């Protein structure tokens, strides 16, 4: 079973993980004065607010309910008064507004009454999945896919292997690493709970081999429960991508267009598993997460456990502020993270890290022409031809870009990382994918309007027919009565 | 920082390895240096004049083209023009007169590269294109190979005499010129005399490898070129696929035909150590821009180079064939790139999703 | 063996396009798209082979016996036109997409000088029936080979930012010239 | 002379006969392209293209008198598929008109239901004497509602960019 571990391509970026190594998670952050809880911190539809301006809320209280199945609940992360429901600068590179519930905290940090479960293993998996859903848990590795949806989907498949993704491959980030080191028991417990819910045959916690401490802690924690395997996988970016991790752990590939469920595998991030454990054992909804605050511009890099909705500024303050002005301010890791438009934006469920990088660390240069060196082809973990994809995207020839693999691209950035010409390959792909999505939407809209028009035409026709029929009936009636009259006369 | 400026809107990744185009080009130049220095030592002052002129002509032409197109001259910093000029100089006769050297650099840069839009866009290797064009246009000058006359020895012409030769005001002394070994073999084969005798008389593997033979700078010391190439491999500037496929194909073909009839076909080692094969395999064929970018493509490309080279050397009219072979495969490169792509994750070679019986529970 | 030599010679060494400079019109016209170029190559192969055969028959069974060789060009053109029309009907039926891609260049095979050129060269070289057929097919394959190579190159050039002065036909013509230079490497073989 | 004429005549006749045979053997039925184009158009007869309806626009496009990007509700996707069908160079087209969305100024709306009845896609909801609202997903920006509104309270604006519709711009070329 340990014979696999190979993925294609990939890169070995400098990890910079030593910045936060050996520093335990900072837990007691000063309570922020204001918390911004965006309604959309997950993939899918934004949640619907349940509170109004002026309402008092308690810590852990449900303040926005999932809208439909592809959505997630939002809970107040501290007690206080709702002071606004409206647009804030979204934690998104575009800097566009997003709707959020703003809570003025009262400093009491008073919890709602929680409902812990004493023995979750004796409970019905569907009930447990519903509890996970109620807790508003999403994929904490950055994918922000609603966890309950994934669990429910998993239950419809025969899951051979549950993989707990502890191969935090992004440079700088150590939040999962520290979670695994400091809360190994809870992670193992969470893994067992998820296994119970989806009835998997086998549980593997996969840890990259550059995290020996986490591996040791997990092995120790897993020892009493025979069924949880802790496994090392080679340190290589993007090992943390589900497709690559599955390949490394099971040796199998997910067929194009299918999901990991289809090959009997389910992957959950350690952060997600931990949140699920907290929700099931203690009834705690998802209101905080561990965030790595690091980068050359951070005075004393740390992992901090931050309440969701905390402005990023507070996190930096907790790490003694910035030194110098950062070249890039990022949410997430440097490979797939996104630029933060402002420091007022809040910590959200998928925020794995907050990085303030120096120019040297970013190592950005003006793009030069492509010299077709093929390094991107060698680096691509999906076996695509990034240089051709970018060239065709650049001239809006999306058909050819797709032919060279745009659809299969996971936007991991390995190609752009190695490009000696510093071409922003990922941005080309983002652009092309965005354009294609827009086109698809406009096509769908057109189909929709066509349907509406034909429905309207049918309705008008029907109405006209009904009118005509009514008219005819009236006439007939009139004639009848007239003939009766004449007969009578 | 609160306003998302144009500069701030950069997509991921926000990290990059230390590679840069100019660094790659300079590393290749560095790999060429030992062989170049040795070659310059062997052929003396006229060779140095030629070398400098070709490089200078290439760089100046690049500057001119950039200026004409309104591009920033900063682009000269990527050193690609220098590298092209360098490779071109290494594949020309060492005592090429000045006008030929100037036109070579000009042709390579203007027609071979900037006509197609500059760096990364050309379809033929500029250095080889210039060499082949000049070979066809000026067959006499381009096949004037002087004998080895190391600097400081009696045969070596003095500085002034060299300058005169280079400027064409003085002719190359009689008896200095002759054919390269490959050329001699070709002539022998055409004349109907067995090449095996010629080879036995004039060729020794060691000599050819170390490089005390007539030929271009890149043709003389195959050993130093090979070492430079191996260093590039080690530095991961080039991959092994093209050189290995090319050399192996040539070796196998030569071995097979040589064993069939050694009076007509040259031996495998002779092939490998003459006519700048090493330069071609490690430095010319591996040019990023004009060779395929996928592994399978590189193997086919390399094998194709070896095959065409052997065809031309054995049955064609030209004695050495690296240039033609590489250019021919350059022409095929777009087709190779289109057809030979890596297998995509989750798909088979034809791009269909790999077969899988879904693990969905039935009920 | 002779036939094989003749075949290789016509495909590579004496390539009809790059060495004899015949058939440049479709080379420039249809080579901007690989699949169209491939289709054009196939169609031309079909026409060339068939017309080489038919013209040989006409030449040797009709013109020479009746002593009316002065009608050679006229009757060859007549035959070529008919073969092209026939090919167009076939292509239209079997591959409407290719028909659309080739557009006007399909009927224009009639005026493709390569076709008439091969028919006339067959007469000049006094080839036998089989030789004519081999020569026709070799030329056609040589033509197709160049078409496909050239289409591949042009697809790449189309994405390059060629200076405005040279964009389009000029750079294609220069490329054709350079390609012809490359094919000179095969000279001397056979 | 006579032989030559005869030979050529016979040759011509024989070849002509063969071609006639081939034409019958390989006959292809072509479907009129105008119908195909019309089927691709939205069919809301909105007239934003400047033609009386989608049928007329289709005819004009096939005839080459209308640009393939003249249909704002169809968007880029429609433009591209039309360009491919009609073999038009996309680069030769100018900027396409931007798709618009209708919006009702609530303070002015009297609930007269005129716009509601005029909308070809039923994109306006409301009832008599009540505020009307536009369903953006269904609105094609045809401006028919604007034309009939007695209060002049309907305006047409380009679709706003939101987090859901934003995407990365094309990087500047090197």
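Order of writing sets the chain letters: A, B, C and D. Residues in each chain are counted from 1.
By our rule, a contact is a pair of C-beta atoms (placed from the backbone, for glycine too) under 8 Å apart; a residue touches a chain by one contact, two chains touch by 3 or more.
Values in this document were obtained by computation on a predicted structure and should not be read as measured data.
Distance between Cα centroids is largest for the pairing of chain C with A.
Interface comparison, A-C versus A-B: the higher number of contacting C-beta pairs is recorded for A-B.
If you average the Cα atoms of chain A and of chain C, the two centres end up 58 Å apart. Mean C-alpha positions place chain A and chain B at a centre distance of 50 Å.
Separating the centre of chain C from that of chain D, both taken as means of CA atoms, is a distance of 41 Å. Put simply, the C-alpha centre of chain B and that of chain D have 54 angstrom between them. For chain A, residues that reach two or more other chains under the stated contact definition are 94, 368-370, 421, 424, 427, 430. Along chain D, residues 168-169, 171, 173 each make contact with two or more other chains.
Shared interface positions of chain B, defined as residues touching 2 or more other chains, are 9, 11, 118, 121. Of all the residues in chain B, the ones that touch chain C in their complex are 68-69, 111, 114-118, 121, 123-124, 129, 132-133, 136, 308, 311-312, 315-318, 321, 323-325, 327-328, 330-335, 338.
Those residues of chain A that touch chain D in the shared complex are 40, 90, 92, 94, 96, 98, 366-370, 393-394, 396, 421, 423-424, 427-428, 430-431, 433-435, 437-440, 442-443, 445-446, 448-450, 452-456.
Residue ranges on chain C touching chain B, taken from their complex, read 34, 148-149, 152-153, 155-157, 160-163, 166, 171, 174-175, 178-179, 181-190. On the chain C side of its complex with chain A, the touching residues are 159. The touching residues of chain D, when paired with chain C in their complex, are 3-4, 7-8, 11-12, 15, 18-19, 22-23, 25-28, 87, 173.
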